[in-house]
Amino acid sequence: MIQNKYSFIALIIFLFVGPFLFPNATITEMLIFGIVAISTNIMLGYTGMLSFGQALFFGTSAYISGLMLLGGFPLFLAIPVATLGSFIISLFVGYFCVKREGLYFICLTFAFNQMFYFIAYVWTEVTGGEDGLVGVERPTYIDSQLTFYIFTAIMFLLAVLALYKIVTSPLGLIFKLIRENASRAEAIGYNVRYYKLISFSIASTFTGLAGSLYVLIHSMVPIDQIHWLKSGDIIFMTLFGGVGSFLGPLIGVVGYIWLSDTFSIIWARWPLIMGVIFAIVVLYFRGGMSELLENLFKKYKAISRKTEHEQDIKNTKLN
Amino acid sequence: MNKILKIQNLTKNFGNVSAVSNISIEVEEGTIHSIIGPNGAGKSTFFNMISGVIPPSDGYVYYKDKDITGFESYKLPHMGIAKCFQITNVFPKLTVKENVWASIFSCSHKSKIDLFKSMNDFEAIDKETKKIVSDVGLSHKIDDKAEELSHGQQRMLEMAITLGAKPDLLLLDEPTQGLAPEATVEMTELIRQLSKKYTILLIEHKMHIVMEISKIITVLNFGEKIEEGSPNKIKNSKKVQDAYLGRK
Amino acid sequence: MTFLIISQILNGLGLGMLYALVGVGLTLILGVLNIPNFAHGVLYALGAYFAYTIAKITGSFYFAMFLSPLLVVLVGFILESQGVRRLYHAHHDYQLLFLFACALIIQEIIIIFWGPIGFSLLAPPSLSGAIDLGFLIYPKYRLVLICFAFFMIICLYLFLTKTNLGAILRAGIENRDMVKVLGINVNMVFLYTFGLGAYLAGLAGALSAPIMGLTPSMGLDILPICFVVVVVAGLGSIPGAIIAGILIGLSQGAATIWFPEATNVVIYVMMGLTIIFRPQGLFGVR
Amino acid sequence: MKVSFLYGLRLKMTTIFFSILFSISSSLSLSDTVNILGLFPFSGPYADSGKLTDQGARIALEEVNYTINGKKIKYVTRDSETKAGPAARRAQEAIDTEGVKFIIGPWSSGVALAVTEVAKKNKVMYYFSGGTEDISGKKCHKYAFMWAANAWTAMDADLKIFKKANPNAKKIYLFVVDYAFGWTLQKYVESLAPKYGLEVVGVDRHPLGHREYSTFITKAMSKNPDAVYMINFGLDAISAVRQLNNFGFTPKKPVIMSWSSGFEELIQLDPAARENLIVGSNYYYTIDNPDNKKFVEAYKKKFKGVPPGYAGAAGYGLMKMTLLGMQKSGSTEPQKVITALEEHKGKNFVGDFEIRGRNHQTVRPFFVLQTKKKNDMKNEYDMAEVVDVSSTEQPKNINMCEDIGSF
């Protein structure tokens, strides 16, 4: 609990300091993918389901909200409708996927993702196909970079609080039960498939919310946001940050985007570096960046405690 | 006396092999009814069919006169049937409290809204959790993770989870499996205590425990019921002795 | 029209055979090792690139076809023994992350060694050009490819049914714990399985090179198709993977006749139908 | 200088907190340098062209010794990955942190459309080259320019020169890559073909990134066309040409690669497979004029004797145009540079050109090449010769740019 308090304080500080650390568009994108990764972690870390199709919801919702904005609907209608849209789709897709476990679940979500990608790709009149959906204007009240950042930060905070509420509710506990021991959860009276669907829907709906915000960053929906490689990115960001804690994935997002932007300037073959980093994380720091930081923090504390202790000993000796 | 569980002609075939064939038993309310049999007698298959893990090939299961044959296992706790597993089967990364809490919550929450409330809003469940945990003697470990408990403690936790569902009928699958002698005694005592409150269907292959606490015993061998009756009757049954001592 | 249909069937078969080869490789790894091999695509690409280099150095196309898959097996062995082996007890997410990381690394290494621009690998003169079958003209290499891939599939079938190792692999797919119980060196079995999967991927890559050319991104292009083959076939079914691969190839051929824009979509439509009507896959065992 | 509130605030804060990270670059960049961004695909599906484009751009910068109008040029690059999302993010990032005022970048209409939104929003000039009509068409605006020849111009040139070389040809079969730019070209070809006495006997659209053309080829061959006219690019085109050769279509009958990068695509094909191709391209290194010779020499000298392809030329051309605008206006403010470029007439390494003010299209020659047989090649790069050049401008009435707007 205390640790959570610290991490929330750190989060608030990050929201204030972030715009000075990173370029505006980048930090805004980090927050948006922060929603995605934190919500994906509800499914991945808490419930133990690995979906390789989260870009499906991100992209679909982005298209819906983009189309509504283009059609002249107000933003405060577009975002809820798009989010609702991804919720409905998540129920449909999830219905088929949660019947299966493990590898099959991965394959199915992956396959659904590809299916939606091709729908978006072929249905050019609506989605713009290869070119994506362009020319979506931001409403004037969030047109400047600062106001848009504030808007995104508020949406981010709301989403994070909602997700935190879920995590600390009985529902969050049920998700953990399923991750730990699905057959036992079933035996004490939980319909595992049903709760898996809920978990899948929550993750997908919030991913959808993020997608509907993404439209506004660059005033467009590129088709690569619904491609399976994006789903991969989402998983990597989440794992990179670490699935062990609630806010860990955010560290992953910030790290992933920052590293990829930085390395891409240094060396054209930067995906190689990213690959090596991922491999190292998997083989040696499976808890991701958040655990690494936590360990460092602990070590630091242990050292300071040790020196304190030594100091005490010295003091007693002196006395 | 009221028959709480009636099983009629329960059969399970795996291909051409029948693991359980044509078993009928009736469990009286408020008793300990044991099912025994040597290894491979079909006890586990039988148990799994009752608890909804595998669907039977034939036959019926009635609980309180309601047909529950082939119900998915998650529905049973809500009707008052709880089961305890043969191998330790807890939620290792969660605390003892959470383990038991989740089990109580499962059958006691009324609406979907409860799912989204804060964990701190359920005083009644918290209280009950503490009570059950102390009943099984784990109060001092309540905030420890389940994986940090000793094996015997995990079995006790297992029992606590099962009791959390507030069942009328307890299905216990070899609760003393792999326990040290002292722990076995402890567990036997616990079961005896529990029988005051619950009807118990006990699957066990340790003869002495069963003899000690059961009211009625059903003996299975090669998937068939070979004998049924009071401990005394079983003790003196020739068929049972044959089965256990190895027949020629 | 018959001419068109026959040649489309041949086209579909050629394509399908390639899909079947990579699909079976992936199925083996998925089934026995229970890991999602996201590096399968780059192994396919490596097969093609090795073949290119060997053919360039030795001047022998056939030798390249022989040696390159074996080199890919070597890469597979390294991947398995140095990384994947440590992850058998980890969650799928870490396995996936690791294998995808390997895919990224290998793809970039391909760019570093062979450059970002693609190449062609020509079939030897005896196999290039088209042959006139009377009722249709068809490229020789493709006919040879179909026959050879068919031959390889028969070999694979014999290997799996007639040899001890094959029997162990099949048992492993049916029930992974069984292999452990039988007292077999599981590490060896896993290593060989990964090697065999890599061999099939590498072979398919090498065979495809004269038709589709070589590009660093060829691995990423084939990967989704591999997974579709597995989903349509049913997880862990080797005959299923072969048939699904060929079916997908054929349906792509058919789509070209009537609905050319949809040649890629048809794959996913097939998969969608499978998911809805037969969720365990056409030949799924679990 | 107009800086947004946040930007100004950041300048103050960074100098306090992160002086090493940002202050040096951003304070320098705002005062006495011109900052130009090269947004190229260094990774992703077009990874091959990023480096080449960058090389071309650097040649142009070296010619002016990285100075313009007395100011130092700071040239930065970013990886577009040929993905619109990262491209837009990195463009925005470069604008914010590096103070970039000019962006050049090639390839992919998706990326172009994303970056043009960024350019418009940030009032930054964007010079684009590559396959899309929208930059000087439907999505035209004051800040974006198009360097590649117009699609209509290109198709007109291809058909005209093909007919001239093959007077007996009557029937052509179209392979079209299935996305917006492909359809645009198809539309133009279908409307222009009758003008040159050609009949389109069949059209097959295939998905982008398709590698297997056997099914399309057999279908096409059953119609017995005199030529296959391909509207696809990069690897798709290469795969299709290779397989057309496998099937024995070429070299008996010609294949037209209507919108090709020329050098880069041809070099990936074996000489045997590239016989009898007619290739329409925005650039080929043997273009005969002094400016081009100078460029090719400089390029070869710097990069191991390999002549520039379209990517290198595009980098060079885009940079040249941007510099030209600066020279002409004597300014490094995007708006002044843009105004100076509008309706500019000149001559450079691709020949005579003219920049239309109404749609920001660079009206310039489009080249049609004929591939050489293996025996006629003088060296491995001597793959084709420029057979003709055409720069007919797209008729005004079919241009989709209705209003270029204002600053």
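Note that the chains are named A, B, C and D in the order they appear, and that numbering of residues resets to 1 at the start of each chain.
Simple rule for what comes next: a residue touches a chain if its C-beta (ideal position, glycine included) is under 8 Å from a C-beta of that chain, and two chains touch if they have at least 3 such contacts.
Please read these numbers as outputs of a predicted model, since none were measured by experiment.
Participant: Using the touch definition up top, find the fewest steps from chain B to chain C.
Facilitator: Steps on the shortest route: 2.
Participant: Compute per-chain Cα centres, compare each with the mean of all protein Cα atoms, and return the closest chain.
Facilitator: Closest chain centre to the overall C-alpha centroid: A.
Participant: If you tally contacting C-beta pairs, which comes out ahead, A-D or A-B? Let me know.
Facilitator: Per the contact counts, A-D leads.
Participant: What's the chain with its C-alpha centre farthest out from chain A?
Facilitator: The chain farthest from chain A, judged by C-alpha centres, is B.
Participant: Determine the centre-to-centre distance between chain A and chain B, using the mean Cα coordinates as centres, and give it in whole Å.
Facilitator: 41
Participant: I'd like to verify one number: the distance from the centre of chain C to the centre of chain D, where each centre is the average of its C-alpha atoms, in whole angstrom.
Facilitator: One centre to the other, that is 36 Å.
Participant: Rounded to the nearest whole Å, what is the centre-to-centre distance of chain A and chain C, using the mean of the C-alpha atoms as each centre?
Facilitator: That gives a centre separation of 33 Å.
Participant: Can you list every residue of chain D that touches 2 or more other chains, as numbers and ranges?
Facilitator: In chain D, the residues touching two or more other chains are 43, 47, 50-51, 178, 207.
Participant: Return the residues of chain C touching two or more other chains; collapse runs of consecutive numbers into ranges.
Facilitator: 108, 111, 261, 264-265
Participant: With touch defined as at the top, which chains are paired up in contact here?
Facilitator: Chain pairs that touch: A-B, A-C, A-D, C-D.
Participant: Provide the residue numbers of chain B that touch chain A in the complex, in ascending order.
Facilitator: My answer: residues 51, 53, 72-78, 82-83, 85, 89-94, 98, 101-103, 105-107, 109, 114-119, 122, 161-162, 164-165.
Participant: Chain C touches which residues of chain D in the complex?
Facilitator: 43-45, 47-51, 178, 204-207, 209-212, 214-216, 218-219, 221-222, 235, 238-239, 242-243, 246-248, 264, 267-270, 272-273
Participant: For chain C, which residues count as touching chain A in their complex?
Facilitator: My answer: residues 30, 34-36, 83, 86-87, 90-94, 96-98, 100-105, 107-109, 111-112, 220, 224, 227-228, 230-231, 235, 261-262, 264-265, 268-269, 271-272, 275-276, 279.
Participant: Considering only the defined contacts, which chain D positions touch chain A in the complex?
Facilitator: Of all residues in chain D, those touching chain A are 4-7, 9-10, 13-14, 17-18, 42-43, 47, 50-51, 76-79, 81, 83-86, 88-90, 92-93, 96-97, 109-110, 113-114, 117-118, 121, 132, 134, 139, 178-181, 207-208.
Participant: Would you pull the chain A residues touching chain D in the complex into a rising list?
Facilitator: Against chain D, chain A makes touches at 19-21, 23-26, 29, 121-122, 124, 128-132, 134-135, 144-146, 149, 217-220, 222-225, 230, 260-261, 264-265, 268-271.
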